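Before anything else, here is the set of structures, which you'll find just below.
One chain, chain A, links the two complexes that follow: it is found with chain B in the first and with chain C in the second.
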Partner chain A sequence: MTKYVLLLPEALVVAGAVFMLLLARFAPSRYRRWRTSLPVLAVLILLAALAVELRVGADVGSYFGGALLVDRFGLFVKAAVLLATAVGIAVADWGAEDSISIGLAMPMLAAFGVMVVASGGDFLSVWAGLELAGAAGVVMLATRRPDSALRLLLLGTAASALMLIGLAYVYATAGTADLGGVHGALLGVAPTLPLAVPVLVLLGALIYRASLAPLQLGAAHGLAAPSPMSIGLVTGLAAAAAVVAAVKVSVAVGAVSVAFSPYVEIVAALAMAGGGAGALAVRSPRTRIAFLAAGQTGWVIAGLGTQFRGGIGATIFLLGALVVAATAAPAAAGAAGISELAVSGLGTLRRARAAALSLAMLSLAGAPPLAGFFGEFTIGAALARSGHFELLAVGLLGSLLSLVAAIGTVRVLYLQNPPEEGRRGLVALPVWTRFSALGAIALCVVIAGYGVFANPISSLADQGAAALGLR
Partner chain B sequence: MTAGILHAFASQTFPSPTPSTVPGANIFTSAFILSIGIWGPVVMAFVIGVLPNPRGRYDTLIKQIAFFTNLMVLFILFVAYNQFQNFLPSLQYEENRQWLPAIGASYHLGVDGPGILMVMLSALVGIISVLASTGIRTRVRSYFALLLLTQACVTGAIVAHDLFVLVLFWSAATVPLALLILGWGGPRREAAAWRLVGYWGAGTVALVLAVAGIYVATGATSFDMEVVLKAPIGARAEVIIGLALLIAGATRLPLFPLHGWVRDVYSDAPIGVVVVVASSASRLGAYVLLRVLVAGEPDGAKLLAPLIAGIAAVTVVYAAIAALRSVDIRHAAANLALVPGGVTALGLAALTPLSITGSVLSLFAGGMASALIVSVFATVSDRAQTRNALALSGLAARMPKLAWLTVLAGLGVLGVPVMASFTANEMTFFGAFRTQPVGAFAVAAGLALTAIAVAVLIQRVLFGPPNPDAPAVSDSSLSETWFLGLLAGALLWVGIVPGGPKIPGTDTPLFDPGVVNQMVANIPEIAAPYSGTTTP
Partner chain C sequence: MAIAVFIVFGLLAIAGGVGVITFHQPIRSVLSLVVVMLSLSVLFLLLSAQFVFVVQIIVYAGAVMVLFLFVIALLGPARETGPGRLRFQTGLSSLFVLAFFGLLYAMLQGVQYRQPDHTDLNVFGTVQSIAVGLFTTYLYPFELTSVLLLVAAIGAIYLSRRDES
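Let's turn to the complex of A and B:
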């Protein structure tokens, strides 16, 4: 029984999500009475799960015949995802969400999906976790924008189909679906074209899910735009699930990295430069966040191509920063995030929220001394070590574009006067509550403190890379 | 004193200062003295940022907090300057802690002679920039919080002794500066801010690539300057890295042709920001060239020296001609502010102990002179209600204080005797004519052109016949006089007593051990690889 304590964080998160859904369905009167307290309860559950994870996650274990593994990689990813979800829920403007029960349950389920991917020991569990996180995003979107949800579902399905094809071919080549087994089986295999194609298809599908899907959502404008929390879920948690899966799969097929590294580099360069350019081309803070997240995802993808412990460690380190900022930033902007005018002067009217939004966007842009800068710098060092100076240069230029875009939004938040209520349109400012202010402060602390405590955090990320079998 | 220093350097020996007790020394010690200089302003910026300020009720308090924060930092760093042991070649006030052990990055701070001089420049500029910003009336809280953050970044980049920390602070300065210009700048603030971000961002990209190159070439185990800059990496790699460093330095200092941000920023940023940018923030460009290229990559520095000297010469000549052709007095001043940077670059290119020492002093003197000329003409244009040189004439009688300060600014840029820039220029040229005679001659010719430009500008604006159609003018306010006077005073102080004042009849320093005594620590070690340098 004590062995299963290691799975307690996952159990807590799932139980919390199910409770939220059941409460609204079967006890509507209590749900109405408690609805303002439910976000607090959800955050407490997530923080409890985080505490348990940090307490017992250092142990190593294997469950369900090796389908789930508890190791340092899982510890890092799960801690980052739990923190990101807790902060995102805390900072969200629940007045802008359609359903509190779904708005709380889906991020928790998505977090659970990422946790499953992080712990996944074989293709099946990785795929299952990925789909769970993606499905949570679809459900969340569907509450307000069924068309967006349908589009995401179709895109996700296409990506899944490609991924399954790739998985099947790799399974056929390696003779096992176990990630460790695949790693071992491919060690002596030459990177032939028949093997390289499915690996490319597999990684391409994952990268597609990680970096391109958010762009579909950010462009949606108007009052019917997806709720802030759903944007955070898709740009942060669902993308994180794909990135974590990509990390695990790329390490498993690392023996044939020569087959996919050039492709990964090109995709990373496109994402880094395209994310920065896209962020610069749009004005809506929400869309800008989506592009900034895509740009930083490009850095993470670039790290995948390094295929040595330091490089993957740096990738994991940046992933932690990315998931927190990308999940919480749209939530911090609230419904006002759909237009620049709506957030004008937010620094005067909602100081903590504006600070959180500013820091999150600057972190996504890689501005020092915030979390994103530390992650991008460590990946930059890994890229230099592996001789990818051209990719580093493209990434730096992408970050420069991202920085200009982020400064543009920070300027609107702080240096422009709030518009008259009539000019703001029908988009309301996020409601101020003590809880959301605390959440905003927590987000600021996490993003600023990530660099201050970079030593233990990056060490844990490095141990995570070692747990994947890299030296 | 100047003659003595020159004589010592001319004979290739360095003054050998001995430990001496300075009144006021050892009254304050801390293992974190440099960290206090960086993080003190950051903490106070945070305090200012969260301070409630309904309807600007506490604007004055916020300005006072910013002023006294800078005063405290200046006091602490002046104590550090006083206690600095100039007979030691090693780093002092060193702090070293692991930060990102996975890549070998550490929080390593420390100062040597050039570092302590730059730190003093930054601290002094902190006070002056607050005094120059007393006219800020809107969003006071945000302005002074950003100003303090900028100063912290500049100080951090100066004292960084790890390339990771250097990149961190170097690039971090761009964000608050851009916001300051966007929020409180003049009519062309958009262009000014985005040009600054673009050029400085490009410089940051070049610096990061150079740092990455050094990191890889030295085994990819550490970013510590003590380690990576002492490791041999081969001439070819050093040249490539040196070129990247040159681009990074040239965007900041700035040098032709990467000076595109100067005109807009110096003429449209608020004066307090101009002071910071023109003095300490832009000098970081030369400081990085000195610290990383000259001190760490001797083969690359030797091979790139003619190029740097050529760029320096073109910068000075271009600045003088552009100033002569400018009708807008703020544009003219912005162009003249390029001149000291060119002289500094020449000293670095010459690679002789004397020229390097001149460059180091030029960091201080050139920074002050650039800030003075830009801010004095900004004040003149504000007080005269026009920037058009054709409309301004005969202002000396109507604004006597500003007239004096304008003349001092012009002399400071030129480097005439009694100004600190004179001592710096002397050392630079004496050192440079040995190894870079063509470049030195061209820079000297550029300085002659600059003298003409300064004379024409001053004659036209101050001493011509008064223009009866010009708008009404007034002399500088008390705060303007103070901040401009402090800039001019610093130039004069170091120019008149570069070795510090002595107790009459003794060799004991009165309270200032002297800039030229303190800054030479470690320069012999920096210059050691070039002791045999001859004209290429």
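Let's turn to the complex of A and C:
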């Protein structure tokens, strides 16, 4: 099989995104005629890419001189991100989006960015993929809120600058930008503080991108809040790109993990406890989803500190659950997600959508027996195995807070009566379509199925950790 | 000789950087940035990166900075007005600068530099070696950059769009 066939899933996703952009620009009449069918087409393209990925990604190899790696880690992450994007697009309320072409193209390009990070074998690929996912998030936000987009752009630029400083020092120390080469070169290097500091700056920048950017997207804008799909992209896909990069880089510099692990644990503890507390402190479902995602990202970061196969395997498993729930949950809430009042009684008015939103939020909170629970459970077991009981205690506290917050929203969805249309304000309920109902059901199936089939999926995640060179 | 050139152009680059943030006239800030770019190009030449040296001058100091100048000239080179500073900004900035330089010094003291493997210094930094790298090992991220630029262009259009409402 040639290396170009291996790039077919990526090519499909990029071609699909470019087609959406070109259609809107150069064939506006056809675009208007087909606009209701375009989300279906995008989902079909993503599912086709997923099918091809599952077929060709099962082979293992290294191409372009090591710049492109085909391994179980890449297969797992790419499958998760393609599924998350497809489900997110399917469940979205397209009446609440400003532009269908941008709203379809940018998530697809962000997914492509995560795929590049997942299969990148050197710093350059990891950086380029990360920037692509981040830039797609900025574009999506800019369609409605240029001020939010500018803020995200500046924050992302600051994170990139820190990341590049860290990469430069690691490159100077290792003498190579190849992730495998860095891993080998650092094996003989003493884990001193001067080396730990740039590594920490590098990982800190990635963690910052992963867990803090979603917190910029509150409901403070009221009715002019960013569109649901843009929130899903930034909270899910762009954050996933940073987490995947953090996993790859942390394993590459794992030889000096003794020096930076304590600081990573502090950041993880802050994210887990802060995410849970933040979720409890806010009422808006959309902001609550962002905090829940930040809290679960804290669990993923905690897993990075373990640096053994079981721990990183659990991290990869939870990453899959996180990206699906964090990408699709804001889309499932639709424009109504900006306030608790607007989603009151959604369980009786939009049953499939309410079920999908509930399951996604409960999974982000780590409720059993959903995907998030199994991921947090396996990371907790890895933390206990490596003696990080304090971190485990903080994580459990964060999960408890998250759970209370998620149940609060579920209670509003199912136990409160729908308000009169006049009281709902100007926020409309998500429009019911057969396709979006199907998308909501698909989201329920994916989240529940991830928990039901936790064992084989966890086994594949473990193979992903082994592919990174861990024992 | 190389050390002297490095010190002169290193200091010039720092002075240019200081100029970018201290001048109130945008035109002067842009011209300071040109000084930074030109100084950096000389530093690249010292590292035997001839191609990057030329590209730095033609693309950055030439095309990009001239574009900046045109844009500023078109929009009107208004002088920055008002203090534009937060309370405690000077003190806090000084503290961060000190911390950053302390960190930088500590890192530079502790890093054991390693020569890249398989480096042929006869072809390092030449057009040929960069082209070979771009179209073999780095082909995938290189092609990805075109998608990144497409997204950046769309983002720039949306960010610069005026609110018609």
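The working rule: the second predicted complex is superposed on the first by the 465 of 471 C-alpha atoms of A that agree within 3 Å, B and C clash if a C-alpha of one lies under 4 Å from a C-alpha of the other, contacts with A are read in each partner's own complex, and residues count from 1 in each chain.
The criterion applied here is as follows: contacts are C-beta pairs under 8 Å (C-beta built on N, C-alpha and C of every residue); 3 or more make two chains touch, one makes a residue touch a chain.
These figures come from a predicted structure and were not determined experimentally.
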Chain B versus chain C as contact partner of A:339, first or second or both or neither: neither
Chain B versus chain C as contact partner of A:458, first or second or both or neither: first
Touched partner set for A:385, first chain B, second chain C, both or neither: first
Which superposed partner A:143 touches (first chain B, second chain C, both, neither): second
Touching partner for A:129 - first (chain B), second (chain C), both, neither: second
Which superposed partner A:409 touches (first chain B, second chain C, both, neither): neither
Touched partner set for A:85, first chain B, second chain C, both or neither: neither
Interface residues of chain A shared between complexes with chain B and chain C: none
Residue ranges of chain C in contact with chain A within the complex: 103, 106-117, 136-141, 144-145, 147-148, 150-152, 154-155, 158-159, 161
Of all residues in chain B, those that touch chain A in their complex: 50, 98-103, 105, 139, 142, 164, 167-169, 171-172, 174-175, 178-179, 182-183, 194, 197-198, 201-202, 204-205, 208-209, 212-213, 215-216, 220
Footprint of chain C on chain A - complex, ascending: 7, 14, 18, 21, 64-68, 102, 106, 109, 112, 116, 120, 122, 124-125, 128-129, 131-132, 135-136, 138-139, 142-143, 146, 149-150, 153, 169, 172-176, 181, 185, 189, 192-195, 197-198
Chain B-facing residues of chain A, complex: 310, 313-314, 317, 347, 351, 362, 367-369, 373-374, 377-378, 380-385, 387, 389, 392-393, 396-397, 400, 403-404, 407, 410-411, 414-415, 454-455, 458-459, 461-462
